[in-house]
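Heads up, there are several structures right after this.
Both of the next two complexes hold subunit A, though its partner changes from subunit B to subunit C.
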Partner chain A sequence: MADNKRKLHYYPGCTLKEKTTHLDVSTYAAMEILGYELIEPENWTCCGAEYPLNEEMIMGLTAPVRILRQVEIEGGDKVFTVCSFCFNVLKRANEAIKSDPLKNKRINAFLKDDIHIDRDSGEKTTDFKQYNGDVNVLHLLEFIRDWVGYEKIRSLIKRDLSGIKVVPYYGCRLLRPKGRTAIDEPDDPSIFEEFLENIGCEVIDFPFKQECCGSYLSLSMPDAASEASYNILRSAKLSGAGMLALSCPLCYYNLDTRQDRIRENFADSPEIPVLFFTQLLAWALGVDEEVLGLDQHYCNPRTALGIDKSEVKK
Partner chain B sequence: MTRNGKKKRIGVFVCHCGVNIAKMVDVERVAKELEDYPGVVYSTDYIYMCSDPGQQLIVDKAVEERLDSVIIACCSPTLHEVTFQKAAERAGVSPFQVEIANIREQVSWVHTDREEATRKAVRIVKSTVEKVRDNEDLEPIEVDVTRRTMVIGAGISGIQTALDIADQGYEVLLVEKEPSIGGHMIQLSETFPTLDCSQCIMTPKMVEVSRHPNIKLMTYHEVESISGYVGNFTVKIKKKPRYVDEVACTMCGDCEEVCPEVVPDEFNMGLSHRKAIYLPFPQAIPGTYTLDIDSCLGLWPIRCSACKDVCEVNAIDFDQKEEIIEEKVGAIAVCTGYDLYTMKSLGEFGAEKYEDVINGLEFERILSASGPTGGKVLRPSDGKVPKNIVFIQCCGSRDPENHKPYCSKICCMYTAKHAMLYKHHVPDGQATVFYIDVRTGGKRFEEFYHRTVEEEEVLYLRGKVSKVYKEGDKIIIHGADTLTGKKIEMEADMVVLAMAMEKKEGSEELLRKLNISADADGWLAEAHPKLKPVESINAGFYLAGCAHGPKDIPDTVAQSSAAAAKVGGLFAKEKLQHDPAIVPVIEELCSGCGICVNVCPYDARELDEERGVVTVKEVLCEGCGACAAACPSGAAQKRNQTDRQVFSMMSAILRQ
Partner chain C sequence: MRIKLKFDENEKKFVDRVSELSGENIYSCYQCGRCSAGCPFAFEMDILPNQLIRLVQMGLEEELLGSKALFLCASCFTCQARCPKGINIASIAEAARYLIEPKGKDYFGPEEVPDELADELPQQALVSVFRKFSK
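Right, the complex of A and B next:
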């Protein structure tokens, strides 16, 4: 059976191996059912988390480009991520090296002198070939729409999610900057909605799906971040949603983990379960509850998912 | 080289253009150096050649020195070539023996080294001498003119153009693709800055058009194709079947009552409904019902035919077919108007998602006494009076990164009008306008805007709106007040977006048929932005109204009358003269390969298969020279710009 699986490069990013392992695990579980064997590029590092805002910051682009070059060396023509930040950095770095000849030259000059030592054999590799942006960087939502196809997803659905009223939350990194590095039209996106509809959820439109969650301000200006997050949670609740779906670990931290911190400033801040889209996908495809990592959530999503308490006990 | 068997006598006149040329070019030296150049019998310089004494100098010297050819070294030929040709003609010199050597735009204005510039000027003049040596006297090609105009589009622009041409005594075909004439103006409620009712000032013009003996009204017609040239176009016009005999129809409305198909009403911007058989609006011209076949259940009587059964005058005819009508015209006026930029593109404003977020034209219909709400200001979602209304200007305009780079020009004024009319309807309501700048360039526009702010107490906030969304039945607006630097969050019952204007849908296709050009934004291109604002670059085509760019009604009417006057000028000529500097075929050299036929942008060249040579339709040839460059055997030689002339000009330039 395993032989039939198609190999596919997957870049998880650091947060998925630490704070949000449930995002990583649910991705593996869902992709296995969809028939893919995921390969993580050897020796992958942090992507840099932020795409350098300074045009001259070439160093900030070396990490993502090194990761993409590794995918190419391993024979991959595409790589997907589920973390919005990683997607944004990898996609934009790839675009820069593809469309900006000067950046291409400078980054490749940095990376040419890399020394790679094979983990098992200890064999040294030097003199790397030029990387020109030929690996296709995708977010899993795009991969599902364009490569897997919604029809296949629908045919593999094992659980009925029709009672789940969910709002899709894009955040900023999937949609901005506008143009080739965004997965959809920033002001009127629909890819997340389509995905949720196709796995059987009841999708509810809500106006704050592209608003900022507060991002890193939760560290430097926690009150400001709380306000931003509160507005999103409040709007989701007002729209009649029972759950919020997203793809970004930082948004998840701000909107789920910090829910009690938000209530310090906004007592009426609603308690609303926040799930990764991969958890919903895996759940729909019949993955066992234990795999989803539901205990890692601040706000228990079990009721929203329709998991009966008695079933949990089982 | 020779004229009437004698060597040509050439005169050179070097202009100072005040200091424009003289500052960077030693004009006296240029004149001096040309004195000894072969063929030149007279050479001088003068401060302003284009002045009366300057022209007289040319006339006097041409006579005195018995000049065959005249060269004026001065500014670009686009400015004064004709001036000097006329002057030379007074001295009996053919206009085709007058050449301009451009030493201003191509020398003095673009160089900084006087010595180098002078040397370049000398070479340019010498090369012009080489050209004029072989210039032939040509006779203008004369063509007849059909004194009949086709006006495309029957909004205010097309109507005004048609009326003004018709009043000059010339026939007009007024072609409109919609069932009725009237365009956007007939949809408007009241017009700024005088607040006169749009329908009241529009309908008399519409009636006049329909009654005018010189105007042939062709509604529900579309231009299919065009051939020919200025003065002699052949146009094919498609008559779309209306399925109603427009003469027989008495507009009783029985058919409408029984028609079972209900679709959104275009005239009311979808705010109300009409039937598949419909009258666009009560004052529609021609006054006839039209069966919209796309909405109709089908023409097979077996399927419905309710309208046909009920029509007492038997006006409904399911057997009508599309017809192609061929007409001859001498001029074509393009008055195709504009469309509003689609609200879909402004996702952040929830446009097309929330019923109460509407565009300016929709609000015009709501304000209009004949509109879907009977002239009451009611919001579309629940028919309540909006007590809090927000207007957002520049929706899609002045946003080169995301939308349109240009200013749509009329929105500042119509938003002020909207806000004012809203206050007239709902005196206790609050109107707020978000703006970037308020642009009120126009007669009595600024005063009107001040009235809106000061007397009607409309709140103007400078800043952009970032987001419009719904919470419950309230619309929430997020924005910034850029004067105080504060974030704004406010509630509203209704939002009106001043959408950008854009080129009419389908205008690219029409322009392709007409073979006339548009600018980067799709607006029709005028021949000169200042001096020829109503003519297309292609002879015989005129433009007016918003098809040429955003403009208000007064500007549109003025431009339409100007276009009509230009058409009158064209028709006043007995014969049209065509520039004889065309590219004929030297049949002995032509191999009949047909390459030039394909490169000709004017369809002026044709392969005569029988004789194996290409022939030229002289009146179509614009002398662009594309064929001359493409011809592999040198059979295509542009008159007065032959290969021989070009090579001797190059030799003169390159000779040290």
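Right, the complex of A and C next:
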């Protein structure tokens, strides 16, 4: 079974190895069942989290381009991420390298002189080849839709999620900036809904699915961020959903971990479980409860997932 | 607010510099206000996103660089997605912050992170907030 798995490059990003390990672990568990062996690019670093919007700060492109070049060196033609921020940075950096000859030239001139020291042999490599944006950067939702296929997902479903009412929360980075780097139409997206329907959830629409949760302002302007997050949580609750699904670790922090602090400003802020889409996927595919990392959540998602009463379909 | 318009060389230079840094065509804005209508943080701002562009158009450097709104932008790009001209105000705000930074201290530096949050904050939040608000 293990020998015919297809190899696929996966870029986790820094938050997934520290604070939201349940997003990382559930991705590995689900992708194994789907028949993929995940490869992380050697010596990967943080992607920079924010794509540099200032035209003169192109040093911010070196980290993502170096990661993508490493994927190409290792023979990968595509790499997927599950973190919305990483997806956005890698994808936009890739587009910049493809479409902006000046940035391409400057970044490649800088990265050419990287030195790579092999861990085992100590052998030094330098004089790296030019990277021209040929690696395809994908979000897992896109990869599942276009490469795995919903039919295959449906055929592998082990648990019935039909009682789970869930609202998809896209946030900012998957849909915006509007244009080639977005995974769907910013004003009328459907990819997340399709995914959730195909793993068997009952999808509920809600008006705040593309709104910003406050992002990094939860650190620098906590009150403003709390208000933004409160609007989202309240709307999700009013729509009748039992949980909110998302893909971004920072949205997760703002909407789950900060729920008690949001309540300090807004006493009626609801308790609503927040899950990563990979946890729902892994759960539907029959992964054990212990693997999902449910204890890491501020708001316990067990009841919403139907644990206690759920039965595994034979 | 009474504003004196000067349009001398310095003002012109400021507009050009912001255009250059942000990569946006400042003059394509015709003040429809959809950015301000959609901005999730407009409720906290002293000047609205469309006013921010207007200040750049008029070369009012001090009014722009002194505004709190520059530090309320979460780069969510809602304005860009809704702008009929496709202007990205997050880039303009980033360019403006870049023009202030050499003059002052960090708006939000590592020493400002509350100790009690140090253990729970995702790396992503720290990296992005420092990228946006410190040198």
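We adopt the following convention: the second predicted complex is superposed on the first by the 308 of 314 C-alpha atoms of A that agree within 3 Å, B and C clash if a C-alpha of one lies under 4 Å from a C-alpha of the other, contacts with A are read in each partner's own complex, and residues count from 1 in each chain.
The definition used in the following text is that contacts are C-beta pairs under 8 Å (C-beta built on N, C-alpha and C of every residue); 3 or more make two chains touch, one makes a residue touch a chain.
Just so we're clear, the structure is a prediction, and the values are computed from it rather than from any experiment.
Judged by the touch definition given at the top, the superposed model places A:15 against subunit C, while subunit B stays out of reach. In the overlay built on the shared chain, the residue A:255 is in contact with neither subunit B nor subunit C. By the touch criterion defined above, A:238 lies against subunit B but remains apart from subunit C after alignment on the C-alpha atoms of chain A. When both complexes are overlaid on chain A, the residue A:204 reaches neither subunit B nor subunit C. Of the two partner chains placed by superposition, only subunit C is touched by A:214; subunit B is not. By the touch criterion stated above, A:188 is placed in contact with subunit B alone, subunit C being left untouched. With both complexes placed on chain A, subunit A has more residues touched by C than by the other of subunit B and subunit C.
In the overlay built on the shared chain, the residue A:178 is in contact with subunit B and with subunit C.
Comparing which residues of subunit A touch subunit B with which touch subunit C, the overlap comprises 178, 186-187. Residue ranges of subunit A in contact with subunit C, taken from their complex: 13-15, 18-20, 46, 48-50, 52-57, 60, 83, 85, 172, 175-178, 186-187, 210-212, 214-221, 224-225, 227-228, 249-250, 252-253, 257.
For subunit A in complex with subunit B, the residues that touch the partner chain are 178, 185-188, 205, 207-208, 235, 238. Residue ranges on subunit B touching subunit A, taken from their complex, read 344, 346-348, 350, 353, 402, 467, 469-472, 476.
If you check the complex, the residues on subunit C that touch subunit A are 20-23, 40-41, 43-44, 71-72, 74-78, 80-81, 86, 88, 90-91, 94-95, 98, 107-108, 112-113, 117, 120-129, 131-133.
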